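Okay, so subunit A shows up in both of these, paired with subunit B first and subunit C after.
Up next is the complex of A and B:
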């Protein structure tokens, strides 16, 4: 294909910045035209709120608290999801018997389980953890089952022919072969878990009269319900987006590091 | 150009007998080698291994375990027994609460999927067909996409208040990106040789769009719609739980606050069943709209 005009090397940069910049400037102009006592967020206010929140350390510690919960819940989900996935992927009778139960829980959103988690565990960290683990469990399980069931059986037979014991086949043949699928599941699961913790913290804040659950979701709810600081809410939203992006990039980098043969 | 076409024609790896589940096969083998002379499994064994029977058996065991656990814990507010949940479910169905709330949630879901599709599909076609449009719009999409729909709830609560608009806004937002990205991918992956062939034979631009690009891209768009449904179904419960005066998410939280846990569990069952059937309906729609695309199932 012939390009009509040679592109300057700045064209991609200009293209990337153009529309976001126009939107932000339009937002700022719109905010300036509002009466002075408005609560509407504006870019300048958001930047100011960010420096205020980051300076006090509150934003950082709330983000860290949410991340800590996600990691702990995710760890539970890895143990159960990958463990059960290996079992279901390698044994047909286990898979046939558990599939109906798994499939009937799958359409139940994590947030629908939250009321029950609150009933059973109260409004503290354990309820939030269980929601995260529940949300992350399904992508991990399904991708592990898929990965294990697609392992080249010639490899397994070769190992068995050479007298390798079963646990070692699992660790040295099946697990590496299923790893790409498991890692994909882990990346999806972590994204879902991050969304779930925000939802859980928001809902716990919203429904238990602003309990002491902490975390960035709770922080947003406090900005909404008590201090009515919309700039602060937007700062939280941006932080949530940035963390989601970093989680995704981290998992992609780990995939590349763990499985160099695929890249 | 040629490498792109080749990649397309390589296609997904065909499932061959070599890739069938490993240990599964060995297990089958051990099953058939039951005794000398290879005795055939009896009538009862065969009946027991039917799919439906296995599913029912699994459910019976699951419910029995639940019941035993409920008896052992013996705190009906925290863990009601299956019987009490079933009675509560029956009562809710008879009172019309289930159909009322399910109808509200499903229609919110349907409306927002339609709105998201109307917005995202044309934009996706534009971005898929025109590099310049994609170069300019894509940065905004990539900036907004990591911010989950749920993170918009507090701001949306402030803008729209508790009501019908808030869940619709959140759902459209969530569904939009799934449909948009899949539409772009679908348009991008149309076999360039088909377009070139049509153009060579003097087919006009609009006819190429109508008869080549749209039919080729539609299966991927449908996958996007099903992904959008899955994401929206997870988000609607959150949106209704926090910011709506009706719907399944609202009902489940309402009964939790009243500590009527059998009804909480009953609504949980309803959410599972409605979600399952909604996905089934979308699969049927997919088959009906794109019958030429069998096999492009979700992994």
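Up next is the complex of A and C:
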């Protein structure tokens, strides 16, 4: 009888790493065949650029600056999105009044708001921040409204028969009951916010002549428009991806911590 | 109880409730012309086939739904909304999924009117007492989804009792329990209601069930409802002495009363499964 080889605990890791490793090696081999003065990025060049950028501290501070803007913009969006969502979800008349406004702004992509933001707020942090907040606001609001509308009425009624005042029911029943939906909205919002900051910094960088705005998006813009360093651009791309991944992991962990009853 | 010179604790006068389906506009008469006077300290059981409006009546007394016509008064004052004076144990428990057993039971004490004047330690003590009472010690930190149906029901019962309401509204509160636990909690419930206390210190209870023997064991009076539309078909006084012991179930009078109630709902019960 033929037995399958026993699975080592490294097997999944090896499986996961194998194909990327092959692709990177193939990429490097291809890059070596190119003429010496090419601008095409290659793995070795990317690694060199990474150590150069990381060593100078510039990569780290740019990432941190972008992340800071995202967190601040996201925080604004949480306050307004969840706050308004709770109000709209629990009051018919608030919802009826706000729905038309919200539905008419929702299809306007964050990038489409950017020109106005730059003209009004300049090329610094406020413009970037407002774009992030705008982008993150809608997923938070919509998921909060949805979550509140699906709260089991019996739970609210139970609290009412215990003499819990209305505002307190909002905080002690409706908010926790809608939390899974709100957290879903937060995760989507965070993803959108991180995309928006890069785009905003790219655009702001263009407007400010690559100068003062900072952030990883602007760093990318400088590589693109001034030094034409494709290896540097790839480093930025990878960092942006890794940060997005870390943010998502952080959110999953937060969900477990905030909603232990679901696990 | 037979105190006729007092205003009744609860008075339902010609109460009807009609539901209109949102889409079709089709109307269902859930409750039709129910009149009932319940004295302070009375233990009332309500039986009737499923869909006869028992839960709807309870909801209206709780103040969670308004009668389409007729009035409901408590101590001579019309009921305008829910309040902690009328505690409800819902048929589907309505436990908060994000709170563990302890916090579910302590919810009203912590956030509602019942715990307003109590210190934290008094509240915790009271929660602990009811956890013991319903036999949930050791499960305090579990979440509702980790509990069996019977355990959830006991959490809901403990939560209701911990709030110390003056009127107990119980919607099939022991239905999910196994037979033994059920018998134990019936006796316990009578004790909490105040069976051994003087009549004027008793709470007022409305207890919905579909178990005929349960009604005879618990009730001062049994309200038998019939369906389509939901009406009161008969009100039977249960003239068994209190405090009631387990042995009372073996007495001839107990059997006669159970048979009498069965006689009132038999036709509809058969029709329901025909």
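We take it that the second predicted complex is superposed on the first by the 246 of 263 C-alpha atoms of A that agree within 3 Å, B and C clash if a C-alpha of one lies under 4 Å from a C-alpha of the other, contacts with A are read in each partner's own complex, and residues count from 1 in each chain.
The rule we apply is simple: contacts are C-beta pairs under 8 Å (C-beta built on N, C-alpha and C of every residue); 3 or more make two chains touch, one makes a residue touch a chain.
Everything numeric in this text was worked out from a predicted model, so none of it was measured.
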Fit or clash - subunit C, subunit B, common subunit A: fit
Cα-centre angle that subunit B and subunit C span when viewed from subunit A, reported as a multiple of 10 degrees: 80
Contacts of A:172 with subunit B and subunit C, given as first, second, both or neither: second
Touched partner set for A:261, first subunit B, second subunit C, both or neither: second
Partner chain(s) touched by A:182 [first = subunit B, second = subunit C, both, neither]: neither
Which superposed partner A:193 touches (first subunit B, second subunit C, both, neither): neither
Subunit B versus subunit C as contact partner of A:59, first or second or both or neither: neither
Subunit B or subunit C, by number of subunit A residues touched: B
Touched partner set for A:158, first subunit B, second subunit C, both or neither: second
Shortest CA-CA distance in Å separating subunit B from subunit C in the superposed model: 9
Intersection of subunit A interface sets (partners subunit B, subunit C): 152, 154
Residue ranges of subunit A touching subunit B (in the complex, touch as defined): 1, 12, 15-20, 23, 39, 41, 89-93, 95-101, 103-105, 107-116, 118-120, 146, 148-154, 156, 174, 194-195, 198-199, 202-203, 206-207, 220-221, 223-224, 228, 230, 233-234, 236-238, 240-242, 244-245, 248
Footprint of subunit A on subunit C - complex, ascending: 62-64, 81-84, 86-88, 90, 92, 94, 96-100, 107-108, 111-114, 143-145, 163
Complex interface listing, subunit B residues touching subunit A: 1, 18-25, 27-28, 49, 51, 54-55, 57-59, 62, 77-79, 132, 135-137, 139-140, 143-144, 146-148, 150-155, 157-158, 233-238, 241-242, 248-249, 252-253, 255-257, 259, 261, 264-265, 267-268, 271-272, 274-276, 278-279, 299
Residues of subunit A that touch subunit C when the two form their complex: 152, 154-155, 157-164, 168, 172-173, 176-177, 179, 259-261
